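Below you'll find the structures, each written out as structure tokens.
The following pair of complexes shares a single chain, chain A, combined with chain B in the former and chain C in the latter.
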Partner chain A sequence: MTWVGKSALRKEGDSKLRGQAKYIDDISLSGMMHGITVRSPIARGLLKKIEYLPGVNWDEFITVTAKDIPGNNYVALIKKDQPYLVDEKINHPEEPILLLAHSNKHILEKARSLIKFHIESLPPVFTLEEAIKQDPIIWGTNNTFKSYAIDRGDVESAFKDAHILLEGTYETGAQEQLYIEPNGVIAIANEKEGVTIWGSMQCPYYVHKALVPLFNLPPEKIRVVQAETGGGFGGKEEYPSVISGHAALLSWKAKRPVKIIYDRMEDMVATTKRHPSKTRIKTAFDKNHKLIALDIDFTIDGGAYATLSSVVLSRGTLHASGPYFSSNIKIRSRALATNTPPHGAFRGFGAPQSLFAIEKHMEFCARELKLDPVKFRKLNFIKHGEILGCGQLVKEKIKLNSVVEKALIESDFHKKRKAFVKTNKNSPIKKGIGLAVFMHGAGFTGSGETFLASIAAVKATPEGKIEILTSNTEIGQGTNTIFSQMAADALNIDFSDIEVVQPDTAHVPNSGPTVASRTCMIVGKLVEQASKDLKQKLISAQLLKEKYTRKEFISACKKYIKEIGELKGSSQYKAPSHIVWDEQKYQGDAYGTYAWAAYVAETSTDTRTFETTVDKFWAVQEVGKVINPLLAKGQIIGGVAQGIGYALYEEVIWKEGRMANNKMSNYIMPTTLDVPEIEVHFLELPYSYGGGGSKGLGELPLDGPSPAILNAMEHALKITLRQIPMTPEKLMAQMEEINK
Partner chain B sequence: MRAYLPDYSFHRAKTLTEAFSQLEAGAKPFAGGTDIMVLLDAGALPPDNYFDILAIKELQGIRSTKKALSLGALTTYSEIRNHKLIQSNFPILCASAREVGAIAIQNRGTIGGNIANSSPAADLPPGLLVYEAQINLISKRGLRTLDYTKFHLGYKKNELQKDELIHSITLKPEFQKHHHFWRKVGSRRSQAISKTMIAALAKVNRKRIEDIRIALGSVAPTAVRCLEVETFLKGKILSPSTILEAKKILSRDLHPIDDIRSTGKYRLIVSQNMLEEFLCGIG
Partner chain C sequence: MKKMSLTVNGKKLTVSCHPFSRLLDVLREELQLTGTKEGCGEGECGACSVMLDGKLVNSCLVPLLQVEGKKILTVEGLANKSLTPLQNSFMKCGGAQCGICTPGMLMAGYALIKKKKKLSKQEIREGLGGNLCRCTGYSPIIKSVQNCGTKP
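Let's turn to the complex of A and B:
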């Protein structure tokens, strides 16, 4: 029996269901203190003095400021610009200045209110426009974290020869990840034992990398363990390095374990969000409506520090031309600095922003050209043998047309498109149906995977069970289950014979971060290869034949361990020869492969209240081999719900660079009543370099819903909509504009 | 939890007498706690002494006589939703209770708390205004009854004195021949604070409006009866131009503001559109 392709039950499902799974706040260590972070009230300035007002006995508190840092005061990631604690310069609201610990969690809140910061304020930058003006300069020499340029063909002359030119500007807002469990860690840090962290996180080795310079300790003195994690969505990719460092600094000074758990308000106001973006697109078409030139200007707001913005920008840039072919392409992109908390990783990582722009633009062009939006798209789709915007030749077979056809048939697209126009006439509620077509490259961009050089291992236990050792985390998306399925098949044993070891940098190799759907596609493949490596050892030791039963395998493992010793297989990533990326020229095979998708949204807009609801949603995608259909479907459904939030509901309201609506009652995430039935269909075209034949699928449902939903609203309302979230207030303003 | 708990105290009052002495000592009533706990969690509740009133019999339950229905201050949204007589006589109250928060809040939140909290965005007041409810307040000094229209004085301000509790709400079932209309516009379908809401009643005889009452919430410092519009519409036969005029007049009764949830302009236009929806439905 094979396990890949079956809906095996979640490995950790039972303990989660019974409430036995231990999340970080369920853990308590003896002598443990609680820590809090006291943060900047303003966006930009110079810290002059910290005053401790009377009202508590300050001697009972552990206080940590930048001066207490034993090593280097920066959060090691890509650049070294972000301090753990403000030394003098404050660059965003809620920036950490002071850490407090006490054994009574509640008195900390009282102490927090008795801290007074004396700050000399400096002029801040809050918008992309202000950042571009460079008045003032708040980061580097020009407020720019990173910029990219892509040039192919001759855009200028294509524009001259064009039959028609069309231009539009598109904007997307910030979005909060809203994992169920807020950020939290426990640290034990002292000179003798070094630093140990247990926490809710996606990437233990990122935390590890950050703590080494913070404490100036050798890497083996730092240990990071992932506790059960209640969701991440990218929000626990880089941020846990910050909170872990803070807890460790307090523990270092207190010489006792310290726990820091953010409450929802702190998590929302102080941690990362999706990068807001602005994209200007100019397109040229010939008289047959073929796209002949594409000029894209893509800008994202990175917040106050560089963090991952350069990589987010890269993915956004490389996806900016969508699934369309044009022989002339010019793309300029940049990530800019503003005095808001740094924006960071969030499911899709830059692609939802640029794909929103191109898919909205193509819809706009179809309407301007008076063409059927489906036919128009098909005319311009990238084909096998053509070159994508990033310069990548499409070498593999693609099923884009079949994906689109399936979406159209399942949703009855053409019929509804006609019917709604009629029924809308006499109703205050206008129905629409809209399509978005897109692709998403899984795994790290360009040579990223080569640099990571991830390692995965499998190990036999004396009982004949197989343990999987990777640093990839289970954060609700199914890591444990799919790894077990892949290993079971590679070893030809049972799913129940496999156990996934808790990610702990003291015991697991660095298989890279849990991001970008690379866990399934890249690390899954490594798990398979490591399994085969282990099997080969048994065969070489003549304890196993090429063909064997499960029983034979188990006894061979036991025998090997008894007679020879440790039985372990491992595998390290090597880029397949078909992937060639030129970092200097910034072009080539940006991704090993792409998943392709067509999403359809059916919406109703009440023209009396300007409220839009999504009535039904169809998500059709080709994702390579589907490893676990139930988990895969769950990923898509959950993601589409998050995408609906991104499109219509979730608006971060900024006041002086600070999120003003940092509560779940005023940051509006859709509820079950706001999310419709979501139909999920998979097409499979196994990718031979992906674990079990998989590509990635986790990001697709954040890419597609917003353009599909706005396209449906445009169909219903006959207006052009170019920004998300399209809240009722914004829709009303747009409709008024048009009626003027 | 951002509050420092030792700064607060909490007792349970089992009888009205106990409650009165708590009030006398300066303590504050705590019913379902669904407004109070939000503030406490955010560290926005001033340290104080609280007393739980949930066990006080006199404040519990729905009582009906031929002439009136009395809703004890501790009546929950769920009790309102499920009550046969409220469903048939005061459907706006059922409809609005059904849209408060979600089930857990409906099981816990009380009508007394909703009224005493005096938020302009509270969902029950517009319905109580159009049904011309009476509110009964109790203290050591005795029971006093007010027209509900007189109760709310301004943003988070009301007639309740320091020594008083809300005792109950009295409703007279005299609207069998009326059209009842309720619409809440929040930011999503559940767990939503209203951006604007309308409760409206009308009795129409041969197309002529004999009686009409309109109240809106979230568009002024308190829920408001739209008396100017009512006066204008009374006795009229509805036509597109009367509706247009009514929408214009409505803007005089409202003072919506921009806040974190919406804009004043949106609230005004949508309120006008809801009025139109109501009027189109009765014409």
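Let's turn to the complex of A and C:
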């Protein structure tokens, strides 16, 4: 029996359903104190003095400021610009200045209110326009964290020869990850034992890397353990390094365990969100409506510190031309600094922003050219043997046309497109149907995977069970289950024979972060190879024949351990030879492979209230081999729901660089009543370098919904929409503008 | 501090807490029943849902003094050795991903099925409207409740 391709039941499902799974706030250690973070009330300034007002017995509290940091005061990630605690310069609202701990958590809020910061304020930058003007300069020499340039062919002369030129500017807002479990950690830190962290996180080794310089300790003195994690979506990629450092600093001084759990409001106001973006696209077409030149200017707002913005920008840039071919391409992109909390990783990682722009633009062009949007897209789709925007030659077979056809048929697209125009005539409720087509590259960009050089291992227990050792975390997406399926097949044993070890940097190798849809495709492959390595050891020791039963395997493992010792297999990533990337020129095989997708949304907009609902949604994608249909479908449906929120409801309202609506009651994520039926269809073209033949799929569903939904609304309302979230207020403003 | 008695998952207990303590904290911190989760603390997410005398409530909004002498059912009180039909249905339909909303969803589903045997999709949608889930997109959860049968 093979397990890959079956809907094996979630490995840790039983403990989650019984309420027995231990999330970080469910853990309590003896002698534990509670910590809080006291933050900057303003966006930019100089901290002059901290005053502790009377009202509590300050001797009972542990207080930590920048001066108490035993090592280096920066959060190690890509750059060293972000401090753990403000020393003097404040660069965003809610920036951590002071940490407090007490054994009674109820007294902490009172203490917080008795802390007074004396701050000399400095002029801030809040918008991309202000950042570009460089007045003032708030980061580096020009407020720019990173920029990229892609040039192929000759855009300028193609524009001169063009039959028609079309231009548009597209904007996307910030989006809060809104995992239902807020950030939280427990730390034990002291000079003798070093630092141990338990926490809600995606990437234990990122936290590990950040704590080494913070405490100036040797790496082996730092241990990071992932607790059960209640959702991440990118929001627990880099931020846990910050909260872990804070808890550890308090514990270091207190010489007791310290727990920090953010409440919802703090989590929303102070932690990362999806980067807002602005994209200007100019396109040139020949008289047959073929795209002959594409000029894209893509800008994202990185917030106050560099964090991951350069990488988010990279992915956005490399996806910016969408699934279209043009021989002349010019892309300029930049990530700019503003005095808001740093924006960070969120499922899709830059691609939803740039893909929104190109898919909205192609829809706009089709309408301007009076062409059917489907035919127009098909005419310009990238084909096997052509070169993508990033300079990648499409060497693999692609099934883009079949994916689109499937979406059209399942949604009855053409028929509805005609029918709605008629039924809309005499109704205040306008129905529309819209399409978006896109691709998403999985795994780290370019040579990223080579630099990561991830390692996965499997190990036999004395009972003949197999343990999988990786640092890739289960955050709800199904890591435990799919790894077990792949290992079971590679070893020809049962799913129930496999256990996935809790990610703990003291026990698991560094298989890289749990990001970028890389867990299944990249690390899954390593798990398979590690399993084969283990099997080979049994065969070499002549304890197992090439063909064997499960029973024989189990007894061979037992025998090996008894007679020879530890039985472990491992595997390290090596880039397949077909991936060639030139980091200098920023060109080449940006990704090992891509998943391809076509999403269709059917919407209703009430022209009296300007409210839009998504009535039905179809998500069709080619994702290599589907490892677990139930989990894969769950990923797509859940992602589409987030995408619906991104398109229509989820608006971050900024006031002086600070999120003003940092509550679940005023930041509106979709509920059961807002998410329609979502039909999911997979096409499979197994990718031989992906675990079980898979390609990454988890981020696709954030790319497609927003352009598909806005395209449907345009169909219904006959107007051009260029920004998300398209809230009723924004739609009303735009329609009133048109009616004027 | 006040001594108060209540029944939790069939067991009669006495706790001594401040009468204004949130039921959520009493369950999690005094009784170590950490299955009930806190997602917002303001009645918006439903992660803290429990049954109070047969009615679904957000335990983050209920002060202890209101539950004196009453019966509370939490996620820990659902399964014996084996999972209940509703829990099994969540397992089969993919109703739990990260699992943090799951205890609350299970209680909300429990309340629905207890009230009415045959539920339409729309009734389930409405019944789960106070419970947020960021992972599943809800339809696997709705299906879990719908496919559960007549006993939770």
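What we mean here is this: the second predicted complex is superposed on the first by the 740 of 740 C-alpha atoms of A that agree within 3 Å, B and C clash if a C-alpha of one lies under 4 Å from a C-alpha of the other, contacts with A are read in each partner's own complex, and residues count from 1 in each chain.
Keep this in mind: a contact is a pair of C-beta atoms (placed from the backbone, for glycine too) under 8 Å apart; a residue touches a chain by one contact, two chains touch by 3 or more.
Computed from a predicted model, the values in this text were never measured in an experiment.
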Chain A as common anchor, with chain B and chain C clashing or fitting: fit
Which superposed partner A:D263 touches (first chain B, second chain C, both, neither): both
Chain B versus chain C as contact partner of A:G231, first or second or both or neither: second
First, second, both or neither for A:T671, with chain B first and chain C second: both
First (chain B), second (chain C), both or neither touched by A:P728: first
Contacts of A:E583 with chain B and chain C, given as first, second, both or neither: neither
Partner chain in contact with A:Q477 - chain B first, chain C second, else both or neither: second
From chain A, separation angle of chain B and chain C (C-alpha centres, steps of 10 degrees): 40
Chain A: partner with more touched residues, chain B or chain C: C
Touched partner set for A:E129, first chain B, second chain C, both or neither: neither
First (chain B), second (chain C), both or neither touched by A:E220: neither
Partner chain in contact with A:N661 - chain B first, chain C second, else both or neither: first
Minimum C-alpha spacing, chains overlaid - chain B and chain C, in Å: 5
Residues of chain A that lie at the interface with chain B and also at the interface with chain C: 263, 663-665, 671-673
Chain A residues within the chain B interface of the complex: 106-107, 109-110, 113, 263, 265, 428, 608-611, 613, 649, 653, 660-661, 663-666, 668, 670-674, 728-729, 732
Interfacial residue positions of chain A with respect to chain C in the complex: 9-10, 12-14, 16-23, 25-26, 177-182, 228-233, 263-264, 475-478, 630-631, 633-634, 637-642, 663-665, 669, 671-673, 675, 677-678
Residue numbers on chain C that touch chain A, as the complex places them: 28, 33-42, 44-45, 47, 74-76, 78-79, 83, 87, 90-94, 96-103, 106, 124-126, 128-129, 131-142
Touch list for chain B against partner chain A, complex: 1-7, 38, 41-43, 102, 185, 187-193, 260-263, 265-266, 269-270, 273-274, 276-277
